[in-house]
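There's a structure below that I have some questions on.
As written, the chain order gives the labels A, B and C, with residue 1 at the start of each chain.
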Amino acid sequence: MQHPDTAVRVGVAESAAALIERLRTRGPRVHCITNAVAQNFTANVLLAAGAVPSMTLSAEEVGRFVASADALLVNLGTFDRERREATEIAVQTAAQANVSWVIDPVLIDRSPARADFARALIARSPKAVRLNAFEFSALSGGAPTRETLADYARTTKTVIGLSGATDLVADGARLAVIGNGHPLMAKVTAMGCATSALVAAALAVEPDVWRATASALLITGVAGECGAEQADGPGSFATAFLDALFKLDGQTLIARAKVN
Amino acid sequence: MQHPDTAVRVGVAESAAALIERLRTRGPRVHCITNAVAQNFTANVLLAAGAVPSMTLSAEEVGRFVASADALLVNLGTFDRERREATEIAVQTAAQANVSWVIDPVLIDRSPARADFARALIARSPKAVRLNAFEFSALSGGAPTRETLADYARTTKTVIGLSGATDLVADGARLAVIGNGHPLMAKVTAMGCATSALVAAALAVEPDVWRATASALLITGVAGECGAEQADGPGSFATAFLDALFKLDGQTLIARAKVN
Amino acid sequence: MQHPDTAVRVGVAESAAALIERLRTRGPRVHCITNAVAQNFTANVLLAAGAVPSMTLSAEEVGRFVASADALLVNLGTFDRERREATEIAVQTAAQANVSWVIDPVLIDRSPARADFARALIARSPKAVRLNAFEFSALSGGAPTRETLADYARTTKTVIGLSGATDLVADGARLAVIGNGHPLMAKVTAMGCATSALVAAALAVEPDVWRATASALLITGVAGECGAEQADGPGSFATAFLDALFKLDGQTLIARAKVN
């Protein structure tokens, strides 16, 4: 793997700062095929960031909603018939209408059927894959390292956004290592799902997929840190995270970014 | 259109004050066919206002739940097969059992199939339609004005409750113009859906549909203002809105009402 | 009914104190078949207590998720086709894989079809039934008293956890009377559903089903009291409840327990 270029690395915080402003100015609509546990929180996270959610799963409608959307999220967290049908239509429509999309292969490490479905979707040109270490291993057959992430990104022609204590974002040539975030983020359900929705929102306003993905993960991590400073546990953290995301400005992003 | 009668106008705040007390005393049950994004928040809004939510969508059960309910909400925000079936049974049952119902034609401006479904439902005698300007235009073919709202209300024999920076409630003869509310209300998903559920709750305790609808919109707007005073962003606003609605009393409603 | 043994009674607070530590150390995974209104809050309650939620309903996957889970919750709050199918697979798998499970027969007092379904499930050896007084009457045909609870527990070979102003937990020989809790708990939707999920989590780390069930109800009641002290209404209460549950320690449980 190439060593990441310093100028590029340094630029992630600045990219994120510009991106959050564009989200607020343009208000891109993100169509979300996501799981029932995550729907409400995901919609509120998108609204707090300046984007607009839409969430229908109905086979009669989803194509029309995706065709006019600015980006698409496909989250596999509830792997039911209705969502599989909706996903098929949505991904076809996204290809035809040139709508960027992100896949979040939730819990594929626990379900071979879901992992197969995820692999088939990744072959259909999502721009980015947002996942955790277990899910990456289930996809690629190996533990996530800088090298395996870059290899997988190159092979699949996607950007891989790996969430964890440290986030890694790889496109095969570039790597961002993001040290922001807070342990309370793992104590709120759907935090990862909502992060993937923010990646989709970022793709709507930033054509460089690696910058968009890294920016979305950085924005989430910094909002998590700011929220945690106001929180007294996971309940108040979830509300403080939304408040922090709503108020997050470029200056705070640049001041707090821990990106290597 | 007739000019609204001053005495009637002045009476909206007093109606709302009496209505919120009746909700708490009587605790009407509102059966909600609503979208997955909105279900949890809608249930909590009804509970905070003194009403009791029920939410089953199962074709085997929904008729029985509606027949014994005090009011019904039909929200089209998730337009799937299951909800369309449930809606058919629910609306039939409501007609037979004389249960007042409200329709919220969510996002019909984005989906002609959903707009057709909404129009067919409105022909089946809901008491009220709660919507925004885009949705009204999709229904009626024109922008919402005092005149077009009144015309549409007369034609469909419903009360139209239009939410926006200013809310308008028209029954064809009377018009309430409600200036309460707060911009943060647009930053919490399902706020409109929950407002429609409050309209249904209001119908359960107030036979004058126009007064019920205007009261529900006023209550929501004042709770929004009170909540915003305690909030630091959309996350804390959603919780503060529920707290404010729970504590809202007639005096506060009358003192804060901006009704013309 | 036998009189409860004093030593046993006194031991519930100590059992709960040990149990909450075990939840945090072991992080058991609880698979939840639960209703759409409750899914998000239930997942957050399990996370706050130290457990790990999984929630898929897909017929292709639910068996695998249950087989590797540490406990199972079957909640009847959304009684749709998909959840009935998932329940059938889940209960079969639980029997084969020896996974303890809890049933929450939500609102069966309003739906005879649902009550029949609940009775058939209770014949298939859940460890515990968590319900309210209306639901108990619908199941057993009589009002809940210490005697009828004990009889029903003996007949069905389950532990009955009855929530109310006072909680009662009966296994036919022993009875716990728990006076903790707060009226705001009835103003947050899915509080009962989440309590049932905590009963399932408790079963994963405590083989004595009566102690596990009583501990889960005590933990919920004490977290409710602690949360209410920080709350200004039902919105802030829901977040404060999660914070309190997250921070709850054995000492607080023992100091606050009102168990007879």
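We take it that a residue touches a chain if its C-beta (ideal position, glycine included) is under 8 Å from a C-beta of that chain, and two chains touch if they have at least 3 such contacts.
This structure is a prediction, so every number in the text was calculated from the model and none was measured.
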Interface numbering overlap (same over half, different under half) for subunit B and subunit C: different
Inter-copy rotation, subunit A to subunit C, in degrees (Cα atoms; steps of 5): 120
Centre-to-centre distance between subunit C and subunit B (centres being mean Cα positions), rounded to whole Å: 34
Touching two or more other chains - residue numbers and ranges from subunit A: 36, 40, 238-239
Of all residues in subunit A, those that touch subunit B in their complex: 36, 39-40, 43-44, 47-48, 53-58, 60-61, 64-65, 68, 82, 230, 238-247
Residues of subunit C defined as touching subunit B within the complex: 35-38, 40-41, 77-81, 107, 110-111, 113-114, 186-190, 231-236, 238-239
